[in-house]
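Labels for the chains are A, B and C, by order of writing; each one numbers its residues from 1.
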């Protein structure tokens, strides 16, 4: 399969719908061949940013470059991109074969060439036996693959994915994460992937872009974001269960916000930093998640060993691991 | 910004339709306001102010056309909604041959009005007509349905009802299907009789369909022309003339300005009746 | 089925037969009778069946006028319905997909098109100015102008159920607006299109008023006009008049038998939206 790849560069990109600013000045560089994930809560502008790159929406100001070419005002089809939609957006009246080959037939490619390209994509995605079916007759995972196939035959320099796994059940989602990562490795193309699921972001990304309120909060590799989140927002967004965040003064610090991850707290009896009442215990097997009520601080979540099983109402002491605390001013 | 993207939904898609609609519908509609104030032979129009309108409201037969239009529209609309609802209730109650009966009631809607008109002319013939022969069997001396000046309009309204009630029934059947059976079950648990269920559940909940039926049949009734033209041609005399037939007669006689004034009056009449009605229906809907 | 439902059904069928079917049986019987027997106007079994004789006589009347009328009506119906489908879908598409001030204007005009009675004499004046008065193409365009509102409303509400993602996927696949519409959207509109074809064909085929105004004269007669004119011509030949009625009743009957579902869908949708 052809390998072609491009960088994507955004320079002070803004987008407003009427009086509402949805993207408030974004600068970003996605390197060629990178798997870049946009994450953030709903309404943070991640889908809009993807649509700006695709050309389905036009930037209000700023510059978008793909492969070094200014495409800010180019039509979507002229940008060398392909997109996989959350709903898959398969044409219901066309067979799998015609769905995958639709763009090629629009481009008036010779029939034999279309057939060859569709065949190759179908082969790679194990769709060959389904080529003559209509989308209606496919399972969710198969539809997903057809959508990917339709993207692949365009031979794009950049793949765009808009929450492609959110319509699948948990098991299929885990499998598709692996397949997509494999596909990225095989094609080596640049991929930009939007999700609200931080697990997808952590497991698939080379680079994660955390968006909040139409602005980039932080850009980095998954582990950079985990180890050094620049703000309480990023800290709270990456990692599960969520990081405990407290008002600095209440925690007895000089900082504005103090944070400590549940997995970086230890139950201890001597020299405990805090003591709290056990409110609730979730035993997950490998580990146990303990919900404490700490006087002066409020709720605190602790991730302990699978063996830990404190009684509800018990009084326990906890301390943070050295070097794992976050202080935000 | 040099090369803005073009919308994938360009307005020129509207263009072919707009050209036809504007030239053949909007332009004549706006022009009618001007021509209704002229004496006009299609080539030359002399402005005569409100004279055509004066004439319309002064000539007794023109006034009668206006009154007849109202009677006809209210009568057909009311009878279609009442009978349509009753038929719809009957035809959704799971009776024998329900599907066939629905088709039978609906089919006249699709048949040529002219054909129906001629057929009823024969059926309603005062001496040889099937209706009066049947009435004679039970000892009733049937009237001259279409040639009695006091009766003609009502006979035509009856034919209109016969032809159009199927559409009202169809709309009501769709409306009834949209009422969840839970309401009837709840009403039955509360001890409502069938009659009470009809008045307390069916009638209020089928309201959207009622609004549709009344609005559609009123507009249709006010504009009605072909059924009248095919049966009585407005006669005897002017006894069954309505605005639309008056307009045609004036047009035939070459009074184009007067005919157009009639058109404007019909337009105004529909607006005066339909707009407040729609507003009233919508307001009531919010209250519910 | 309870006994009560069965009995109500039987009674209802009996009443409906008398009220709704008798006139059609009457048409049928009259069409078969001899000239003399038909003149009696009776609802009776024909004593002699003159089907072929009456049929050929009606068709040959006034130099095969009926055939010409069928031809004209068919041309008008096919032409107008084709344009109503394509133009109506295009307007409904833009109206549904694009949200802007213009759309409110267009929508208002569409509703006006449903309610406002056409101003006939000024329309004749416009047609005459364009050289379209008394022509078949003029008639086609008139039917398009008058039928557009219904088509647009029906298409608009149906297009609302087609996800925009499809348009966008096609855009990314490199489709022009024209291609998105004709290769992706229009094929998906098939259910409404079938409904509209059936409903509008019947309406246009049965139309009497508009040909009466805009298509006078003997050259471009339509089916309904011919029937109306035969009324005076066949004053004493009711068998032929009713044979003619039978002939204009059969096409809608066939359409009704084959497209019952689509007609019901269209009529109720049109009603509810209207």
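In the analysis below, a contact is a pair of C-beta atoms (placed from the backbone, for glycine too) under 8 Å apart; a residue touches a chain by one contact, two chains touch by 3 or more.
Keep in mind that what you see is a predicted model, and the values were worked out from it rather than measured.
Undergrad: Which two chains meet at the most C-beta pairs?
TA: Looking across every pairing, the one with the most contacts is B-C.
Undergrad: Report the most central chain, judged by the distance from each chain's C-alpha mean to the global C-alpha mean.
TA: Chain nearest the overall C-alpha centroid, as shown: C.
Undergrad: Where the CA atoms of chain A average out and where those of chain C average out, how many Å apart are those spots?
TA: The separation of the two C-alpha centroids amounts to 55 Å.
Undergrad: For chain B and chain C, what's the span in angstrom between their mean Cα positions?
TA: Measuring from centre to centre gives 17 Å for this pair.
Undergrad: Averaging over Cα atoms per chain, report the distance between chain A and chain B in Å.
TA: 59
Undergrad: Give the residues of chain C touching no fewer than two other chains, as numbers and ranges.
TA: 171
Undergrad: Would you give the residues of chain A that are in contact with at least 2 other chains, written as numbers and ranges?
TA: Residues 55, 75.
Undergrad: Of all the residues in chain B, which ones touch at least 2 other chains?
TA: Within chain B, the residues that touch at least two other chains are 6.
Undergrad: In the complex formed with chain B, which residues of chain A make contact?
TA: Within the complex, chain A touches chain B at residues 55, 58, 73-75.
Undergrad: Quick check: in the complex, which residue numbers of chain B touch chain C?
TA: Residue positions touching the partner: 6-11, 13-14, 16-18, 20-21, 23-29, 31-32, 35, 40, 42, 90-91, 93-98, 100-101, 103-116, 118-120, 122-123, 125, 128-130, 133, 162, 167, 170-171, 173-174, 208-209, 212-213, 215-216, 219, 222-223, 225-226, 229-230, 244, 247-248, 251, 256, 259-260, 263-264, 266-267, 270-271, 274.
Undergrad: Can you list the chain B residues touching chain A in their complex?
TA: 1-6
Undergrad: Looking at the complex, which residues from chain A come into contact with chain C?
TA: Within the complex, chain A touches chain C at residues 54-56, 75-77, 81-83, 85-87, 89-93, 102-103, 106-107, 150, 154.
Undergrad: For chain C, which residues are in contact with chain A within the complex?
TA: Counting only chain C, the residues touching chain A are 163, 165-166, 168-175, 179, 183-184, 187-188.
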